[in-house]
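Multiple structures are listed underneath, in structure tokens.
Each of the next two complexes has chain A plus one other chain: chain B in the first, chain C in the second.
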Partner chain A sequence: MQISELAPALPALREAPARRWRDLLIHPLVLRLLSFAAVLALWEYAGRIPLSPAFPTFLETLGGLGAIMADGTLFKAFLITLHPLVIGLTASILCGIALGVLMGLHEPSEWLFAPIFVIAQAAPLAALIPILTFAYGIGLTAKVMTVCIMAMPVIVLNTLGAVRNTPKSLLEMGSSFLATRSQSIRLIILPAASPMIFAGLRLGCAAAFIGVILAELLITPTGIGDVISYNQSVADYPKMYAAILSIIVFSVLFIELLERIEVTLFRPEARP
Partner chain B sequence: MKLLRRRSVLFGAAAVSAALMLGSAGAQAQAKVRVALGDVLSTETLSMIIALERAKEKGVDYQVTHFSKEDLAIQAVINGQADLGVGTPYAVVQKSKAPLRVLFQGTRLVFFPVADKSYKTWKDMNGQPIAFHARATGTEAIGNIIAKREGIQFGERSYVPGSENRIIGMMKGQIKATIVDLANKNLLLEKAGDRFHVLPGVSEPASDETLFGRTDWISKNEKQVDVIVTEFLRLWQEMAANPAIVEQERVKRKLMADQPKEVLEGITKFYTLATKEGVYAPAGGSAEVAKADFEFYTEAGQLQGPAGELKVEDFWYLAPLERARKALGS
Partner chain C sequence: MNPSAAMASQPNRDLPPLPGRAPQPIVEVRSISKTYAGGIEALSGISLEFPEGRLTTLLGPSGCGKTTLLKIIAGLIPATGGQVLVDGREVTGPGPERAFVFQDFALMPWASVIRNVAFGLELRGVAHSEREAIAERHIARVGLKGFERKYPHELSGGMRQRVGLARALAVDAKVVLMDEPFSAVDEQTRRKFQEELLELVANEGKSFIFVTHSIEEAVYVSDRIALLSRRPSRVSAIIEPQIQRGGDPEKIRRDSAYLDVVEAIWQQLRHYLD
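Moving on to the complex of A and B:
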């Protein structure tokens, strides 16, 4: 390389390490970790001021988490909480998708069912819980119903929208190829609707988590709801916050997993 | 432009006067003693409201906020949204070093173990299922103390909040034994006395609802605290002599006017029984009462023991009560 060629290349060479640092700093993973670190640092600071004697620091909460994990309380509580959650969510997914598809294909059914789900979606659930306990008592049924009321409207309405919004061009193509009604449902409508139905499932799962914890806090304290309310009543706030943190982390991981599945199955363009 | 300037001056003046008005409203509200009550106004809490009403007549105005749970009332006091609270703050004081002190023992945990008649004594309850209010609460602590005393162990423990719900469970045959409050024990025996009976309970009941406050607020408002504690003690002593005083005072002050006739008619009956059974102890608390509470709440799992090492002054502030006793000559 001659000196005359080297001169213009020098600034670029000098900038190379700086650019590498900048690339590393704006890497999605680094930014995400920074975002978590900022929130946790704020939490730790707020606990140390202290914001309130009843607000533990992040490190104390981690200690509490360690304690409820070590004595097995957390795992037992999760098993109990998952019981109504799994039943309610399975029922919501099966009935929700079936109803949504039916409403999408058959307009009279939409007029018949859609208002119920629109109202259920808009209603504040905490206000409905006393009615649920009057109807179903304080047992498992009331909790399953709470999960269903939270999860089902999102799933049904998303499925309905997905089926209704099948691209016209695809349906016209089906008619041109003389597809029967069942063929166009199986081969065109359902595959085209799948991504949006799946997005509805993801939202439905998030709503189901909210439902089950609300039920456990407002109906009878069981599972994670029991760990939260028990530790509140004995003023063991690190353990109480640890239980809240654990259910948030669990819910986020579960929703993240669903999103991964969704991307793998239906959104090749979003894959990294 | 001129118009715009004039408008902005006007707007500024309006904002300043609004802020001043809000400020003075805030100061007025601040002058009232804010009391957090973890319950609605009911027969049981009526006496506390009457004591506060009497304090108001002595110049200490108050404002009660009702919360759905006692825990919320305690949090309101800790965070400075209320000055005094009604509840049992022992666990919060010990575990999160909240600067709260108990001033007066309002009610005591007078609860009655009730069981199916097939369980003749506590020995028959060995290994048998029993229902309590919730984990680590007074009813479970009473159960633990009895189990220790009798040398037995209960079988499966279930938790059903509310004495009224537990006696429904008993009458439906879902619960065989539990611990309920005075009113529901009487109701159960009245409705199904042929099937259920009362087993021996604990002799010295611990504090249930206490009047407590934040230490910094108490030290700045000693006079107000003295008036309130004196009125509580005065009413509690009057109740012991004449339980009908609560109903008389209620009528005079038109309290609970929206309640049905049946509830109002039951007030004197309730206070007659409750004072007889020791729910409202006329002494209002002492160092001995505090120590007995430490024993009980350590057993309940709310306090970490050993109970003998807990100091009364870390949980109670007895000076206003002592001054009230002197003032009343008791």
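Moving on to the complex of A and C:
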């Protein structure tokens, strides 16, 4: 009696562990880790062939990372690199959003400014670095400017697009419920634009990281750029790649943080 | 063959009779015309009266300019010529005596239901607690009690339009303008909405101007239907369906008066299709 009741449940019980494994395997986190692991394994393999004597394996790179972290080089380098990055990025975000919003709301200023940024976004701006060096010397200013010319165009153009793309029916809704111009900008246009503005900020941040490393490699070696080029010159490739890896990881984490900030502060509807 | 002549003579349905005088039109449009940039003539000299406390429908073939006329009445787009009078005064822009219900709901996705409903009051500077209390009442009124803190993307299409309706009711305008409000919701919800709309017209004491392309919907909900012709649009007929609306809402849809009016309008509209 009891056994016959159990019988139909038995196959399910037997299948349960298998299904649990399958569920685990297609879990988003597991898949993401798998994709990391695959890339790292490929790196390790390529380093062991070896592809080039100047290409360390992943594990050697980790060793290099440990070394530059232990002696404090990495930490000091980051502080130096962050200096032009933070100044340049803050300026780009503030000016970029302000300019983008202005251009989005006021057509003549779009005609005035947009071509500059469209060209700036399309042009290979790294080619301008020698001119920046010529104009601003080899100090902090030139590096800040490099960050700005890399980060600003995408922030400005995304903000402009975001403001322009405010749904027409929301604007009509605002005016039918008697919104003043400033209410409509504050309560409708900016909140509606914020997801796309933030998308621009994320791209802008990524570009700013490219800018600061370019500046440190091409203008004068400082910070992370110095760690990279110094270790390259003394052929300590694990440390060189460790520096590259660390700035990539830092950039990814920073952009992730930005996304968290966006959702917490500006997107109540996207919160889980 | 003019249906308005055939049906306007019967006594009106159970509305409170206005003592001593003919009902004053709450909204009146006088020879409104609209030509869009590029020379497309959408409306050509439309004159219409919208009686107070009733639901008047603008009905016509798609692209005939019904929505354009409604938005001109709302003050959302300027007319090329003519006048709009609300309560006897000419208006040229949006005003507190008119509220709009949008075809695509026009809800702010970043705002909760209660903030969306209270938005008209927020724009008018009503204090937070006061406007939330008013909004709560209207949310309950449209049957969304318990959804105050939800966001639009968590609601079905029909529920979103209830939010849009509650927002229009919350500002307590005399005239509610509805632009194909039920066209984006499914058929079952649509019928439910039509029944609730009748109740609203009967109980709120507001005037409704309703745009639809559905003949059945127009006849079901309207006290008065203005039939618009194809572009450039004119009023081709005024129809006042005399339908007994008390009792079973399902019975109306089988009522012979209802079906006759639907048929008469269809006969009028069908030659626009050729």
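Heads up, the rule we're going with is that the second predicted complex is superposed on the first by the 248 of 272 C-alpha atoms of A that agree within 3 Å, B and C clash if a C-alpha of one lies under 4 Å from a C-alpha of the other, contacts with A are read in each partner's own complex, and residues count from 1 in each chain.
The rule is short, and it goes like this: contacts are C-beta pairs under 8 Å (C-beta built on N, C-alpha and C of every residue); 3 or more make two chains touch, one makes a residue touch a chain.
For clarity, every value in this text was computed on a predicted model and none was experimentally measured.
*Asks:* In the superposed model built on chain A, check whether chain B and chain C fit or clash.
*Replies:* In the superposition, chain B and chain C stay clear of each other.
*Asks:* So, A:E259: does it touch chain B (first), chain C (second), both, or neither?
*Replies:* neither
*Asks:* Does chain B (first) or chain C (second) touch A:E44, or do both, or does neither?
*Replies:* A:E44 sits against neither chain B nor chain C.
*Asks:* Return first, second, both or neither, reflecting whether A:L187 touches chain B, chain C, both chains, or no partner chain.
*Replies:* After superposing on A, A:L187 lies in contact with chain C but is clear of chain B.
*Asks:* Which of the two, chain B or chain C, is in touch with more residues of chain A?
*Replies:* Of chain B and chain C, the partner in contact with more residues of chain A is C.
*Asks:* Using the superposed model, determine the angle chain B, chain A, chain C defined by their C-alpha centres, to the nearest 10 degrees.
*Replies:* For this superposition the angle at chain A equals 150 degrees.
*Asks:* Check whether A:V234 is in contact with chain B, with chain C, with both or with neither, and answer first, second, both or neither.
*Replies:* Touch partner of A:V234: chain B, not chain C.
*Asks:* For the superposed arrangement, tell me the lowest C-alpha distance between chain B and chain C in Å.
*Replies:* 50
*Asks:* Which parts of chain A are touched by chain B and by chain C alike?
*Replies:* none
*Asks:* Which part of chain A faces chain C closely enough to touch in the complex?
*Replies:* 167, 169-170, 172-180, 183, 187-188, 191-192, 194, 266-269
*Asks:* Help me check something: in the complex, which residues belonging to chain A touch chain B?
*Replies:* 52-54, 56, 138, 220-221, 226, 229-230, 232-237
*Asks:* With touch defined as at the start, can you tell me which chain B residues reach chain A in the complex?
*Replies:* My answer: residues 71, 75, 78-79, 91-92, 94-99, 134-137, 159-161, 301-302.
*Asks:* Name, in rising order, each residue of chain C that touches chain A in their complex.
*Replies:* By the definition above, chain C touches chain A via 71, 74-76, 93-96, 98-100, 102-104, 106, 108-112, 119-120, 122-124, 151-153, 167, 171.
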